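Chain nomenclature is as follows: A, B and C, assigned in order of appearance, with residue numbering initiated at 1 for each chain independently.
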Amino acid sequence: MFQIHIPAVKAFSVKEALKLIEENGKVLNGGTDILVIAKEIGISAEKLVDISGIEELKQIEVSAKKIVIGGAVTIDEAKNNPIIRSEFPALVFAAEQFASPQIRNRATWAGNIANASPAGDGMTALYAYDAVIQLRSKNGRREIPLTEFVKGVRKTELCEGEIITGIILPRGHGGEHFGSFIKVGQRKTLAISKVMVAVSALIKAGKIKKIGIALGAVAPVILRLTEVEQFLTGKKIDRDEAVRAGELARQAVKAIDDIRSTADYRKKVAGVIVERAILGLKSIE
Amino acid sequence: MKNSTLHLKLNGNEKTFLIDPADTLLDFLRETAQLTGTKEGCGKGECGACTVLLDGKPVNSCLVMAVQAEGRSVTTIEGIKSDKRFDALRASFLEHGASQCGACTPGFIISSAALLTDNPDPTDKEIRSALEGNLCRCTGYLKIFSAVKHAAENKGER
Amino acid sequence: MTKIIGTSPLREDARVKIDGAAKYVDDLSFPGMAYAMLVRSPFPHAKISEIDASHALELPEVVAVITAKDIPGKNKIPIVFDDQPCLAEDEARYIGEPVAIVVANDRRTAQIAATLVSVKYSELPAITDPLLSLAEGAEKVNPVLGNILSRHKVNKGDVDSAMSIADVVVEGEYKTGYQEHAYIETQGVIAVPENEGGIALYGSMQCPFYIHKALGYVLGIPLSKLRVIQTVTGGAFGGKEDFPSLPATHAAIAAYLTSRPVKLVMTREEDILCSTKRHPGIVRIKYGARRDGTIIACDAEYILNAGAWSTLSPIVLWRGTVHSGGPYRIENFRVDAKAVATNSVPNGAFRGFGQPQVCFANESLIDELAVKLGMDPVELRLRNALDIGLETLTNHVIKESCGLKKVISLVRDEVKWLENRSRKERVLSNGKYYGVGFSAAFYGTGLGAGGKKIDRSGAFLQVAFDGSVQIAVGTTEMGQGHNTVLSMIAAEELGADVKKVSMLPIDTSRVPDSGPTVASRATMMSGQAIRDAAKQVRKIIHDVVAKRLGVAVETLEFEPGVIFSGAKKITFEEAVTWCFDERVHLAAQGWFKAPNTEWNSENGLGDAYYAYTYTAIGAEVAVDKETGEVEVLRIVSGHDIGKAINRREVEGQIQGGAVQGMGYALYEDLVSTNGKIIRPNFSGYIIPTAADIPEIKPVIVEEPYEGGPFGAKGLGEPPLIAIAPAIANAIFDAIGVRIKKLPMTPERILETLEAVR
């Protein structure tokens, strides 16, 4: 039965959380999405299992080839991590524009993925970085690329009894890390995006060595603009190339109509912000 | 049903309460702890009226379950009121006409207090960013910005 | 020379608000209190054949389920026409219409039980478009009044002939959307049974006496047994004028039938879904002018989507109608206005009250006229502006207090109109296009001819032994600074220290009926009633003082806190002690009746109001031509308000109104399809945040109005009214396209740009 008022219970380890979830529990992390859903339509579970305080999920682990953002790391916490600031600037730009200060202090990167809204600011930035999701259940662990994990609006590969324990981001080497993030909403802040773009770029000697362009809020899932990425790889960033990239993006997008905007608007503006995002690529000092 | 215990540091004091585990932190504060200074404006984290400090950081208490505050520190407007560090901030809100109907005011004070604690000398832009999560429908915000700005400037003098 | 008026004493009510100690209705509870939740219609139009509460009543914590047949008195809410039921009986006529009241021991059970009440509906065809409602043969939406809930016409001169000889004619159709008040405190009440068999109703409200009357209707008991107590009210903007009568009657019936205190506080969703809003409007308007810019004719048609019941729509429509041509002298004027019933949520009062819709239309069209004439839009406004000796649209000859030309000129200078308008370089460093726009408006303060019978105010003033002063009025503080301003007026007139003046909390059994707190009238009306009382008490004090000092009473002078005659000087407190020694009664009743208005309802001509506030707005914007986003850079908001009683609070009204107007202009889009509001929350309905706020420069003009306290006229509403057209005109200046529909969303702007390409 769908319940509006569900008791919550705090888990102190992943193991404990997995056990509690098995007893008809649903994961409660930062709560900024699931509690809204609970209040609006209810949730079919006996309890909410709070994983937000589990120490092993609060870590950001750095190794030579990758960085792992723990499943309970908040938007704000990751934003302040030095490696994320230097190597994943688009995540930081997205975090700065994410909802509101209050929400950023609670919402988690993993939760943004689990919610699987195509208008998720954090998830759009993660798309631009080839993120891989770490999952754990009582049966074991598995990893799955973010692009495969998300299946549609609020639909994911997450199985019953499984939780997101971390987000793996491969570290790029041999260049400078640039990024940008642009969102267009009805007002400047605290608005769900009509359309947004996140770009990650590794730049060497003024040329794009590797680039990731993710477009959010235009379609049922976040889009990676691979054609545009291919077009830009190996090129220098200048106005003509950016304009061309914007045009390619516009052609590539199949946008949707919904309450927040129209397909027509999204298609047009997607091109504009892709162009601007490429021209606006920057690093964080 | 109140069948669960909650230990937390509430406005500076270690406390234990018997709570309903289905309560949000906001429900708990208003109904069980009888601290009604924290207001509910939307219940969905969209207006900031219910902002409190959780371990010193502003959060929407309507989107935190009470049990998630276990072992943590929670500061409400009642706690700010008895904290001398924020006397200048409260006085400045009064002097600048930053409160009209007042329903949003406790939330704005909390967000401002968090800002000034982390950043005693904020720029205009930083003030606006810190208050982005709080809606006000009366003042047009400008007098709130001035109040925070002046509170920061006058802090040393008081 | 006034000592207190014109200064900015602090707001005493704000202290407890800042500390979180102010008690709003949801902060109160009473022993044995139960909670009510409404069962509401999910259909825009449906027949109700059966209400089965058995499943809800099975829950042990459920106390009662109440339907229309249980109402002890009339199933009617009195507002203007008494057409709206308290609970729908045979048919539901909008989504969200109350059908049953569930009462439970706790809030959660009430919420769950409301979903368990099974109502058998058979859906009926619904009309949600006002134009379809007006079509011939349309189904009757409102069973009492039909589909035209109200109609007003004004007919002055010969519009057709004037249009035919005009050198230039412009016309256009302008549409405006819903606006939700979005007060931060949602609607809420608590009804408490009293020992004597009556009900005390606590709640968030603007107009306690409206609720008082409504309780009498539904409970069928004498008004003398009922009292209404206003709790600290967390914003209203018109939304707590007419609407609270509905939840108040629900809670009161529940309390009456269960003999328990009953709390009813709405969730934000519920509030957005079923509380009143600003009426969506359609305005078709046409101006005819001579080559020199003199407007000789205005012809308008005004349609409001009123929703299922009439609420205050007739008066909202009337205010819009008589202001629809703008603040200009126009010899020939015609307007036909209709408030139309639809199967959607009833709309009601909202700051501006029917004027923002027409102002967006007429002030946009004035700029189009300027383009066609090749004339500067500010010059065009000045040429036609109302002034002393000229008559308004309805032939009201202005005899005093008209600062329109002055406010237009000051705002023009403050916004650097000539310089900014003629800027050559329009593209800003961020690639956006710069534009500056202007608008003007007038606002009849008070209820005027439309609400003549209740345009009066009572006040009671008494002085205590310690020299402190207590005032009772029936108008309310809802955040606007009412109590501070009225305390200042009392202190000034009485000669007391403003810090020693207190306002009695509102309880209809203890305060006089001062009429509703609406129409920007409280400062004027209650201010004058308080002055009346204060003058009487001052005379009593001065008589005693003169006698004791052995001087003639005419020689006494006073300032706040002191009374003196030549070198002799005593404090107000000493004087009060003397009065108590003399056993005089230091109290008085004050009364003020608004001036009479002459009105001819046949041709719609006469003195619509007794005085007007005049407004000019300058807006500077930056438009992103590629995304359609508009950034407002600066707003200059000028108002002739007669006298600024408290400057800081005047600025607060001006800035708050500007931001609410900016939201109306650009962001606030309440999407409704087939009578259903989509996403009734603050992520679907977008109001301005801290990040969106431009500099807002208040310009205050003081052309005193003899009939107002210390020359003051009303200010509450004017700051919102003319913001949207100033922004629309600025957008036109920036990118050369005219947006004729509010809100001016990025989508609309891009579409319009595409269309002209």
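By definition in this document, a contact is a pair of C-beta atoms (placed from the backbone, for glycine too) under 8 Å apart; a residue touches a chain by one contact, two chains touch by 3 or more.
Source: prediction; values computed, not measured.
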From chain C, the most remote chain by mean C-alpha position: A
Between B-C and A-B, the pair joined by more C-beta contacts: B-C
Hey, how far is the Cα centre of chain A from the one of chain C, in Å? 43
Averaging C-alpha coordinates per chain, one finds the centres of chain B and chain C separated by a number of Å equal to 30
Give the residues of chain A that touch two or more other chains, as numbers and ranges in rising order. 5, 40, 189-190
Junction residues of chain B, two or more chains touched: 43-44, 46, 129, 132, 134
Give me the residues of chain C that touch two or more other chains. 683, 688-691
List of chain A residues in touch with chain C within their complex: 4-5, 40, 184-192, 194, 259, 261-262, 264-265, 268-269, 272-273
Across the complex, what residues on chain C touch chain B? 8, 10-11, 13-24, 26-27, 181-186, 232-237, 267-268, 478-481, 648-649, 651-652, 654-660, 681-683, 687-691, 693, 695-696
Contact set on chain B toward chain C in their complex: 30, 35-44, 46-47, 49, 76-78, 80-81, 90, 93-97, 99-106, 109, 128-129, 131-132, 134-145
Once bound in the complex, which stretches of chain B touch chain A? 4, 20-22, 24, 43-46, 48, 51, 54, 57-60, 62-68, 70-71, 111, 114, 129-130, 132-134
Interfacial residue positions of chain C with respect to chain A in the complex: 108, 111-112, 269, 626-629, 666-667, 669, 671, 678-679, 683-684, 686, 688-692, 745-747, 750-751
